[in-house]
Structure formats: structure tokens, C-alpha cells
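Labels for the chains are A, B and C, by order of writing; each one numbers its residues from 1.
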Amino acid sequence: MESPYAIEMLNITKRFPGIIANDNITLQLKKGEIHALLGENGAGKSTLMSVLFGLYQAEEGTIKKDGEVVKINDPNDANALGIGMVHQHFKLVECFTVLDNIIMGVEPVGPMGFLRKKEAREKVIALSKKYGLDVDPDAKIEDITVGMQQRTEILKMLYRDNEILIFDEPTAVLTPQEIDELMQIMRNLAAEGKSILFISHKLAEIMAVADRCTVLRKGKYIGTVNTKDVTMEELSAMMVGRNVNFHVEKKPATPGDTVLEVRHMTVASKTHSNNAVKDASFKVRRGEIVCIAGIDGNGQSELVYGLTGLEPLTKGEIVLDGKDITKASIRKRSTSGMSHIPEDRHKHGLVLDYSLEYNMILQTYFESAFTDKIGFLRRKNIRNFSDKLIEQYDVRSGQGSITSARSMSGGNQQKAIIARELDKQPEVLVAVQPTRGLDVGAIEYIHKQLVAQRDAGKAVLLISLELDEVMDVPDRILVMYEGEIVGELDPKKTTQEELGLYMAGAKRDEVKA
Amino acid sequence: MKKFLALFLALVLCLSAVSAFADDLKVAMITDYGDITDQSFNQTTYEAAKAWSEANGVEFLYYKPASDSDQDRISSIEKAIDEGYNTIIMPGYAFGPAIQAVAPDYDDVTFIALDVGEGDIGDLAANVPANLYCAVYQEELCGYMAGYAAVKLGYKKLGFLGGMAVPAVVRYGYGFVQGADAAAADLGLTDVEIKYVYGNQFYGDADITAYMDTWYANGTEVVFACGGGIFTSAGEAASKVGMKVIGVDVDQAATIDGLYGEGITVTSAMKGLAATVNAELNALKDGSFVGGKVENLGLVGEDPDANFVQIAPSTQYADGFTAEDYAALVAKMFNGEITVSNDITAEPAVTAVAVDYQGNIK
Amino acid sequence: MKKLLKREGVQAFLASIICILLGLLIGYVVLLLINPNGATESIVKLVQNFFVSKRANLRLKNFGNTLTKTIPLIMCSLSILFSYKVGLFNIGAAGQYVAGACACLYAALGWGWGWLPCMLFAMVIAAVYGAIVGVLKAYCNVNEVISGIMLNWIGLYTANTILSSVKETASPYTLYLDKENPSALLPNIGLDKLFNNSTVTIAVPMALIIAIVVSIVLNKTRIGYELRATGINKNAAKYAGMAENRNIIMTLAISGALAGLGASMLYQTGYMRWECTQSSVPAMGFNGIAAAFLGGLSPIGTIFSSFFIQHITDGGSNVNTNFYSSQISDVISSVIIYLCGFVLFIKLTINKMISRSDEKKGAKN
């Protein structure tokens, strides 16, 4: 009898020093279904997929393909079994064409070693017609949209006749409209008999597209459910382990006078010749949260760099509390009342090999509270200060102040940064993706802190890629597209669809600062 | 680590217990900054001392100091003494300060220092200890022989490439000039020219080779390469144009010919290092050793092979200058018919040749 | 036991010891391959170094020799270590060492300065020399390894040229300090009598104190905090408003000062004279790299590692030349020094072994 399952991972256990990343996990993917793998960051999704791809070997458990036990020692074995994956960060050669990228590694070659691109092109065009994957085979990757890049990745798998397709967080980089298109493509693929594994932590998408869903939590297998039979709240409870309030509670904003004013900011890009931020102007007032929304890579990072002094402006001014800080150093901005929760807490936010207490004084170590007149650190004061923040902001770590920042969980690392930044009593708080990669509980906490800042009469500038966050947290939304601010929206009056049109560049207003 | 140290200490004690030996001759040699494969001073001394020790059934070992410094040379000497060696052979003037430091302290050890002169041993020169024998050589004599031979062999454009202008090298050079001058006068030649330069280092390199290239290109026929490894520059330049060189200190014919082509070495001006080592070790063995002096070694008789300064047996004798001519020259020099000035304070007076003193290359 | 093994310091120590033993083992095998007869005697004598002497006063004297040569090595490895902690690989320490040697010798022989001014001058010149690397790195984005290596050679030939004016006419060496200007010799503060060796000087306690000071500066002061943060995470340091460029220049200047001080602490003992025709950069700066790693990148650790490396190097001259040519001692000590660079690798292996046994234990439970 033929097995109904395309791939089965049975009772997989994988340990790392100190933690069990996968504890007796079973995942069965039926032929022709869309199967979601749901879990928070650190739930063990990536480890499980690495086991499937032969990057790790499980200590226990078996993998079956079409009912037969297989051994996957490396990614080549996985490819041979017809398993393909669209990674969160695409693995494409920027300066090659779509077609070149698709055939790379499996180029059809004639007897003399010449490429036979014609055959390949026909196959690619046929595939894209069949599944509704709209691409231009001769366009260069660097010239096409993210959505088309993703379709190229999908075609790569199909070109290799992969039967089992894995999508790792595929919607993170897409606009709402592109997400809808992707969902349709996934349905087409499944209808044609492909089996799809869809890794995500976005419940709405799972409910919309998946047939079944397997939930992991903290390395453990929680269960597999038919999405038709459950509600979003039930799924969420399975994922988090408790009921979560999705909505941010907040009073109406009472904005005061302007604290931060940006006029005609232009910042050069490090990756290409265009300016990453073009002539952006906006104001942030006391007692409001302003959110800069947009799809990743539309100049938000550079805007923050320019604002906080990490990169120089090529044009424009920044005024903080009435003082021009356009040319001021990073430290000057920090001491004049700007706090910055950086986008990448490992790159910028923390010195991972420093202890927690040393990280708590990262911007204030030189103040007389922490350094004496001769230049020695006042270790006692530092310890007291750090203990105070740990207590106040509930930062949890193995050994308190002396814990190495590296050994802390992502959520607590972020809490430590927030504690540090908020304790500086800033006039304006620049929070860049403050909830990235955090679990629901931590997200809730951070949102509350942002609102508390607002209510205390401070200005908050939030930069976010998460639609839910953009809709829920701020009092005003500014949408960035290709380095320009293309729209100002009121979150209470707008819809996700309208926001999506702005984010995709399909709609724009003249925004006056 | 402490345990390690304790272990070593125990080992040391054991070793010292067994090595109480009879008062036999035990010979050690210390190398200067060079190595026993330097095809020069160290190698000649090493080979002679080793051959003698093997022939006489005497224990022999050589030591290489940990670094090129007086302190480490002293340390090597003392190490050798500590291990029971009672005769220390040291080739080269670099040992001067080390000798001053150790010779007075170890009067039961014999020190034989080659090419170490009064000027090198400082205060000891006034009253040389009885356990110290220093030998210097009359380089001007063999330099004279080489210069004489070269001109007699028909070379008219000569060159002298010294290492550094240390006394020994200058004596070689001035002897060479005097010899060439005498030969030219003998032959009634007036067109013999000598170019004279120091490399300011004891090894050849690209700059010195380039300098030599210019010489040879401008007609120089043979260069006396006088100083350590500097012959490589002269040899390389000579081989490019089929010209010749003259070796120094030891018979370098095999070495230079091996590197730069058969027949390139006309002759070598030699010091009798091996002869000194043999003579002094023999004297020590039969009890006739007399220390306490700095001896200036040169000619001891009319037999060329018995002298401490010679030109090499491999000399390319020809009609102009035969082995017999050489023997006759030595005889004349020994019996005083020919005198060679050893004054290095002024350039030697010449009558027949034109000398072009070019100073230092670097 | 395992708990002990997991401690950073214990691991560093263990890794260093393993490297040393591994190096000795390979050295021994090399000796065995060349000539099995003298191998055991030679390797034992090599490790013994000065302990080989039967006379106590000789042992002490040779101990003093090794000690004197250890000092510049300590300083060079401190120089490497200091930069390394700030994320810079100061291969230019060798050149800064040369700059220091040139400065102190010229000040002593050319100008007749006393020991302390000479030493300070060496420090300043070497600091400036190091700062050049820093400026190139900070403002022109020139990799410090490349500019460091270039400056090593520039320094060497400049030193040769400058010091040629204070060298002996009949040799390539600079004049004797003790004859020309004894006031430039470092004071012995009685150590010469203790060790029966006139080259053991105030440099010995000074170097030890400097190692401790470096340790304190790195770990307990604001500057150390800032510099180490820059070293561990340049981006975070920039984010925190630390002046990255100034820190790079300052770090390399301090590194240079340490290396230059090291040179002064050797050449001003009269142990060595500068050879004005040398055509390779003194190995001190490079051996400092090995010493820094062998010492577990701890300033105090470098004291011991530097001593060990110098001990082995000196002990190399004990290898029996009846069985081996004298160069073999360099081979053996180089092998050992080379393996010292594997400390981090060994540490990694230890950690892997611990975690593997943890995993196994986990599997059983």
C-alpha cells in the first residue's frame, strides 16, 4: 500500500549543549497538502528543518520518504529526495538573470560543454505558465521586485522537479498584495500535487492557506490540527502556552509641542549608488508615537542611521528640542536626549561578550557615577545601577548583573536594551523593530513600555515592518517607499489594504512636514 | 611547572654525579655569528679540529651560541667548560669581548682564539693569561702573493672587493695592491689598473652584484673578493661575462667554481687556520703548548705549504706564473728580499699600477 | 572536575600546557627521525636550558640571560595583546620594537643621554611609529596588518641607516654602551649580584609591573572598558558614541610604546648590540604573537608564556651537536612556538569534548 505521506519525521530528538532543541517531534506531511509549521522564535522550527536538510543529525528518530526510511547526511541527499526550500533570505546571484539563477548548478550542457539555455528557457516558461509564476527570465535579479525574486526561488525548486517544497517565513518581505499572490501560488502548487511545508508565526496566514498545522513550543511537539477545526485564538494559545491579548490597550494621544523635526533628510546608501533616504521631512511631538512603516529595505535603516548619527546626512537638518543636531556626534545626540533601540541588538545594541552590567552602562560609562576622577570604573555603582534596572524592568538572566549578555535569551537582551534606553529619560525614543524575533509575551511588554513613554509626555518614533504592530501601536503612520515618505495615515481610519498600497508604491500623497 | 623543575633539578644532579672524568683533553669549538657550514672561518676551524680530535681519540663538540651577542657567546663557552671541555677553540675577532670575560676566570681551561688580535682583547693584551693563545695572521703577505700571481698570470684590470674595512681585510687589500704593483714593475707594465672598494658588509647582495657588474662591464678581469660571503656578488657578476675572481681565507675554488662555473677562481689567498689548530692541539697533547701570547703568524720557512699564509694549491698556474715561481716568491719573501708593508694607516705606495680607491659601496 | 574544566581561566591554562607538551612531543619526534641516539638527551637538555649547568652560579647567570631576553618578549606580547583586545592585529609590533631600539641606542650613543631619557625617548618614538599604523587605519582604512608589515621593513632599514652613524668602524655592530656611555645602561638595583649577571636590570621588575598595569587598565578603567568594547563589537562601540578613530590610534600608540619600551629594556642592558647590516626584522615582535596566545591573551599569562618561549629558545643551544646540526635547535623551538599559536584551537577542542560528553550524558538521562 502506498504511503499517504510525502515525508515523515518521526520522534525526532536533537540536543545541543544545555538545551534540547527538538524533543520527540513528529511531523507528517501529506502529499498535496499545505502544512504549516507554527512556533515562536526558538521553538525549534529551524533545527527541525536543518535535520530534514541533513545539516544536523538527530540523535533519535527516523525520517521516511514515501513510507520508506531514508538517511539524510547532507543537503545533497535532501536534494536527491526532491526536497527544496525557499529561504527567508534569498540565495540568488544579484548580477545574474532569473534564468541563470534558476538553472545554476543543474545547467543543461551539450557534449562540448556549451550551455543549452534554449531547453532550459522553454522549461522555465512552461513551469511559470503552469503555476502562474510570473517572471521575466532575462531580467537581472537586482532589477526585479522582491516578489519576483521569491518566484524565482520557487521556480528554482520546480525546475529541479522537487516534490516537497519548504517555505521559510516567506511573507516577511512581502507587501499585503504580494502575500495574497503568494498564497494563490501555494494553492496552485498543492493542487498540482506538490507537498508544501509552510513555516510561519503569523496566524492569519496559516488560517488562510494551510490545510493542517503542526505547533511547536520550546522544542516540544504540541500537536497537529486541521486548520478548519480551530480558531486563531486556539492556535495562538497552542503556540504561546497561554491566552494572549493581541490588542494594545492605550488611551487617545494628547500630542504636545514638537520635539524632533527632520527637514529634507537625504542619506547615501552603502549598497547602491542611489540615495537610501531622499528628502524626507517629518515631525514627532511630545506624547505621540509615530511609526515609520514600509517594506524592509526602503530606507528605514538609513533614516535611523542619519537620525542617530551613525551615518552623515548628505543634505537636510535635524532639530532636537530646538537645537540643530545635524552635525552633532553620536554621543552628543545621546546626551541631549535621544535614545535609540537599535534594529540589530547583536550588531549595535549590545557588546555580547560583556556582562549585563557593563552593557547597562554602554552609553553612560563615562559619567561621574560610573567613572572616578582618575579613570577607574566605579564597579560598585555600576553593580547597583544594573541591579536596579534588572529589578525595575524584570530582565531575567542566569546570574544577574554578571551574566554574559551572550548567554541571555533574545527577549531579555531586548529588555536590557530597553531598560538602558528608557532609564536615560530621553526626550525622544527611536525604537527600531523593537519586537523583532521576540515571543508574544515579550512583544506585549515592549508595546506597553512604548505606550508608557508616550503617556509620560515623551516622543516615540517607531520603525516597524510588522503590519500588526504598525496598525496597533502608533498614533500616526508615515509610510516609506524607496527612501521617500509617501504617505501619512491615521491608524484608526486606515485599513491594511490601503497601507499595503502605499508600502508597495502604488499610492502616494504629497506629505508636508 | 614546579614538578617539572624539580624533575630537572634531580636530573641535573644525576648527570653531574657521573661526569667526574679524568683530566683528559676535551676539545670544544664555539661558532661566531656564522655557522659550521659557512665555507669560511667556522667551517675550516670545525673541520680541522674535528679531524684532529678523531685522529687522536679526543672528545670533540661544537657549540652555537643562542644569539649573536657577547653574552650568549660567553654563555656557550661557559656551558662547554661546565660540561667538562678543557680546550676551547674560537674562530674570529668577534670573540674578543667574550675572551676578556672568561679567560681570567677559568685558568684550568685552554683558550685558542684564531684571528683575535691584541686590539680585540682589550686590557688582557698587556698581560695575556697563560691559558690563552691568540693567533693573528699576516694577511698582507698572502694578499701580496695573490696580487703578484694575478698580474703575472696576465690580468691587467684588477679589482678588490673587501667586506668591511676591518684591519684584516685592509691588510689583505693593501698586500694585494703591493703584490700587483711589484709584479707590474717586474714585467715593466704601466697599464695595470686596480679598482678598490669595500661592500661594508660580509655578504653579497643585489646592490653589490650590480656594482660588480659595472666593474666587469668596464673591463675588469679579476676581482679579489675579500670578506665572508661577499664572493657571491663577485662570482655572480663574473660568471655573467666569463671573468674571474680570487678567493680568500680558505681555498674557495671548489665553492666558487661550484656555484658560478668551472675555472672561475684564479686563486685564493689563504690563512692557515687549520694549520694553527693542528699545531696548537698537537702542542697541547705533547705538553709543549705555550700560551700567554698573541702570535702574528706568517711565514715560517721557504716551503710554501708549511706557512700560515699561502695561496691555494688550486691556483691556475700558467706560463706566466708557475708553482716554481710561487715557491721562489715565497723564498724571497721569507728571506727578506721582498718586504711587504703591514701599515694600514695609509694607502700603500705604488710605482707601476694605478689604484682607484672608491670607498664603500654602501 | 567538569565544572573546573568549564572555567575560562582553567581552560586557557590547560590549553597552553597541552600546546607546550604537543610542541615538545613533535620536537622530540623530529629529533628521533633525524637521529634516535641523541634525541632523549637533547630534548631533555633543551627543556632544561640553564638548569643544565652543574655550577650553581652558572645556572643563575644563565637564568639571568634568559630572564633579560624574556623581558622584551613580554613587552612585545603585551603590545600584541593590547591591540588584540581592541580587535587590532598589531603585527607591526616588530617594527615598533625596531623604532624603539633605534631611538634608545641613538639617544644613548649619539647624544649621550642617561638611561631614563633614552628609555622614554624609545617609548615615544615607538608610540608615534605605532600611531602611524593607527592613523592609516582610522582615516585611510588601510588594514593594520599590511601597513604594519610595510612599516616593519621601513623601520628596519631606517634604523640600520641611522645607527650606522654610531657603529664601530670595524664591525657592523653599534658601539658598546658600557664603554661609550655607561649612564645609558639600565640600573641593576642589585639584581646583577643576585644573578651574578650584569645584564639583569631594573627592566625585570619594570616589565612585571607593566604587565600588571596593562591588566588593570584593560579590566578596571574607563579606557579599558571603552577599548575592549571597541574590540569586541566595533558597531556597538560606535552606537554608544565611542570615538572609534581616536581609540584605534590611541591603541596602536600604546601598543607601540610597549614594544618600544621592550626594545629599550633589552638594548639598554648591553646584552645586545644592533647589527647595522641585518636584513631581517628582529623576531621579537613575531614571537610576541605566539607568547600572547600561549599566555591565554592575559597580561599576567604572557609573563609566563614569554619566559617559557625564551627558555626553549635558549635551551635550543643545548642540543648535542654531535648528533644534530645546530640549526635543529631553531627548528625545535620554532615548532614549539608555532604550536603555541594553537592555543585557541585547543581551547575549542576542549569545549567540544566537554559539550559532547554533556550531550552523551543528556542522552542517557
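The rule is simple: a contact is a pair of C-beta atoms (placed from the backbone, for glycine too) under 8 Å apart; a residue touches a chain by one contact, two chains touch by 3 or more.
Please read these numbers as outputs of a predicted model, since none were measured by experiment.
Chain nearest the geometric middle of the protein is C, using mean C-alpha positions. Chain centres here are C-alpha means, and the one lying farthest from chain B is A. Chain A and chain B have CA centres that are 79 Å apart. Put simply, the C-alpha centre of chain B and that of chain C have 37 angstrom between them. For the pair chain A and chain C, the distance between mean C-alpha positions equals 47 Å. Shown for chain B are the residues that touch two or more other chains, of which there are none.
Contact with two or more other chains is made by no residue of chain A.
If you check the complex, the residues on chain B that touch chain C are 4-5, 8-9, 11-12, 15-16, 19, 31, 35-37, 61-69, 71-72, 75-76, 78-79, 82, 93-94, 97, 164-167, 200-203, 205.
Chain contact summary for the complex, chain C toward chain B: residues 44, 47-48, 51-55, 58, 61-62, 65, 68-69, 169-172, 176, 199, 271-273, 275, 277, 279, 313-314, 316-318, 320-322, 325-327, 329. Interface residues of chain C facing chain A in the complex, by the touch rule stated above, are 220-223, 225-226, 228-229, 232-233, 235-243, 354-355, 358-359, 362-363.
Interface residues of chain A facing chain C in the complex, by the touch rule stated above, are 15-18, 20, 59, 308-310, 329-334, 340, 342, 347-354, 358, 362-363, 365-366, 370-371, 375-377, 379.
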